[in-house]
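Please read the structure below before turning to the comments.
Labels run A, B, C and D following the written order; every chain starts at residue 1.
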């Protein structure tokens, strides 16, 4: 089994309204040292092991998990016990 | 004309759209299940608002993998009428049949309001019954309706006259106040506001009727 | 985990932690079972005998409310009540509280409250058509409350918007007593073809019990007993009892259930939703109502988690689940039908004749008890009651406001949180989906038309707990009458109501007095109006560190509009229209918003309400509306005449000019039984011939000004300033 | 400057309706080898450097970024250039 962890973030050009809102909430909690907050998505996919898995992960990310107009992603593939 | 209203799990404005066609402009209309694989016999396809697949992941993202989608793409490619409203618009951008994306409203909150739209292009199958610059009162109801595209795309939208409607007041933070866009060929329209909720005076406005009448008018011209 | 034995449960008194008293436990083991209940059985009794499921403390009181009229097709006892509206159609409605879940987990608590009440409606075979809600919080002066409010509102909108039902009305108010015990009440209204009516029963030996919907997890176990428990600081940590809602699944479930009942009535014999105390409550009630027994096999229950015990499965409050009783010959059809909607549907048991409730788990019989012992044999308590000390002490207190500047007070009143516009909240609810909403939030009642007819349904949620606190009986009457006025002002005939009775600990005699007397007030008002109470919900133990909330009965009233041309809203329509006040005004300042503003407290008694006069005024307004004489109508409630006039002016940005014999202070009096209406000049005589209760105040004007001449003062108020105060106050406070 | 990456996931006992929906979409795309999908949130917080930063990150996670009723989190603190 493989565990694929996918991290999706908004492209820098897209305004991250949730991140902004969280930043002001953090400030109103008194933590002024926080200069920027961005919010993204995190996925864990459990795969049966097979060859060329990476190609499929790319496809799943490109066609489903992200919208390339606004988001980018990276992932890591880990061995699952 | 015969319209298909495509129903995805979680669509919830399907009947509103159905009635707008049946009672509003008195045309033939059928609900089509997302598992269907053919739209043969229909002249136009309408994708209703709602929360397809619960809006999970991103609004519209999961619907894009339903069986009916290839037929919607065929319709778009063949120059047939494709209209997506609200969640339908989100689906069309996820499908890349329309440029840009719809992201969370600027203030982060869902907005249900009747807003004023301005008609930006009357030379489309969806707007030919309006006057250029005409203002209409149409309800909106969305949490992720903020139209976003990059500068280059915006430039193209302008050059190709793809912007169909703008909000007079930018309620959700959309780029250039955009409320609805077409594809280059103008046979595909996506819009966040709900014209199907504005087809009877007793509901507050019937300004949406002309949108549907435009489609009929266009089709009559095409057929002749 | 190994489960404690029956003997261990008895010796360690574990049942007490689950909410069963010693005498209740003894009744079960000595009289009912004549043996000790095992772990699973004790769990079943503890939830089914909780106040939330059994109404053991409130039953006697609830019986005081009238529940009959010529329209009632089903009353209390079903998932929701039903009222005939003619032409083969009926309205179905109910309200439900989700106070405790919302206090611990505001978003999900509110969302699942909405989800639960929707299931109550479609389980009757009805198509849900509209939602409403009544929310009460502490003052908006701290981040914690603002967050709570934000999350509750988001949860309500999140569920209703996604499932695609319009939220057409509600109320939000703020008082200190709700700071740590907010109230979240949700109401759903549905439309039923009378032939589709399904009882929640399981009858007929050998018929099958089918489970439909979401998988079962360990959500909200003991939610029902938890809902019947007081809050303390430490219990705030009791966070496992939280259910998570999935409106997407509920949409599929709703559509499937409505369709199967409508298209295949012969397949389904009974249907019920799994609400509080999930599987046990739904199945036991279905069997008990039909006089049957049941055998369930828990191994068939769709499960989301592993190694769940029988106890956990029976008590789980996982959302979006229904139970059906079907004929065995339609098993394949029914299961396939739900499969088409992509829903899990499985047979989990069958009906028997022996009236026993038998549960198998992993091939072991884990429960074998009389089914009625869960539902019918619950002891009823007759609690003692005594009038709260404050009521006697403040009997002769009469608050009189002091007004130094009429315009300052007027403008101040408009920005009081309880008076200011609630649009900041209701704007986040889709109020128009389904394209039938004729009146959206912002008027006196929400109105939804019935497609294909000229009929429309008006609905409102009302409660003024300050009045109930000062005088439970009169306060209860006012709750009903205020709701009725909202219906009438919208052009509707009040036909019935539902309620949520939110109170503190009923074992406290003062709290029980509040409950008992306010229900008597509600009952007397209902009798006067011939509006039966056809459903409702009781939420007791709303206390925090032993401080009870104000007694807070919420009334959800429904009205029928035969012809939607008669739909009327509060907004002034045109300059030149005449403004009338209907009803007399006295010095009623106890419990008023102006008392809160000036004294920061509420105190004193309420005047007796003249029910006959109230009814006359309502009839007058409704008659005038039906004759087409009224261009706008608004009931006068919090903040009195001044606030009512202002609210009517805002939508179309009009002004008004009035002259009255009332004093400036009386403009803020909250005397009951009053309306303001506007009438076209040309209809003046016709309108005035309808009665003698109307007083001409002045007229609507085009200039954005409130020109007011009272007995003792004369002012001109900038209507734009007034509108700004009213519209922006809540948004400002929420920042 | 420090970059704090926070990963928020639902507690295992909580229904992950999004993950379920994504899994069936992945299957309908033809990738049957995916056995489980879960969806969470991913935050990046940029902090000015200071002592005891970890304590504040904990507080921000507990009180703002997660809902302790239904979610758990982990984070890593990285040096930012």
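Convention: a residue touches a chain if its C-beta (ideal position, glycine included) is under 8 Å from a C-beta of that chain, and two chains touch if they have at least 3 such contacts.
Only a predicted model underlies this, so the values are computations on that prediction, with no experimental measurement involved.
K.L.:
Could you see whether C-D or B-D has the larger number of C-beta contact pairs?
P.N.:
Contact tally favours C-D.
K.L.:
Approximately how many whole Å separate the CA-defined centres of chain B and chain D?
P.N.:
Roughly 34 Å separates the two chain centres.
K.L.:
From the mean C-alpha coordinate of chain A to that of chain D, what's the distance rounded to whole Å?
P.N.:
Between these chains, centre-to-centre, one finds 9 Å.
K.L.:
Calculate how many whole Å lie between the centre of chain A and the centre of chain C, each centre taken as the average of the chain's C-alpha atoms.
P.N.:
Centres of chain A and chain C (C-alpha means) sit 41 Å apart.
K.L.:
Touching two or more other chains, which residues of chain A qualify?
P.N.:
In chain A, the residues touching two or more other chains are 63-65.
K.L.:
For chain C, give me the residues that contact two or more of the other chains.
P.N.:
As it turns out, chain C has residues touching two or more other chains at 246, 248-249.
K.L.:
Residues of chain B that touch two or more other chains: which are they?
P.N.:
53-54, 56-57, 61-62, 65
K.L.:
Determine which chains touch and list them pairwise.
P.N.:
A-B, A-D, B-C, B-D, C-D
K.L.:
Can you list the chain D residues touching chain C in their complex?
P.N.:
Within the complex, chain D contacts chain C at residues 13-15, 17, 21, 67-70.
K.L.:
Using the touch definition from the top, list the residues of chain C that touch chain B in their complex.
P.N.:
157, 161-164, 246-249, 251-252, 342, 427-438, 449, 451, 564
K.L.:
How about chain A: which of its residues touch chain D in the complex?
P.N.:
1, 7-9, 19, 22, 25-26, 29, 31, 33-48, 50, 53, 56, 59-60, 63-65
K.L.:
In their complex, what parts of chain B are in touch with chain A?
P.N.:
57-58, 61-62, 65, 93-94, 99-101, 103-108, 146, 148-150, 173
K.L.:
Tell me, which parts of chain B touch chain D in their complex?
P.N.:
53-54, 56-57, 61-62, 65-66
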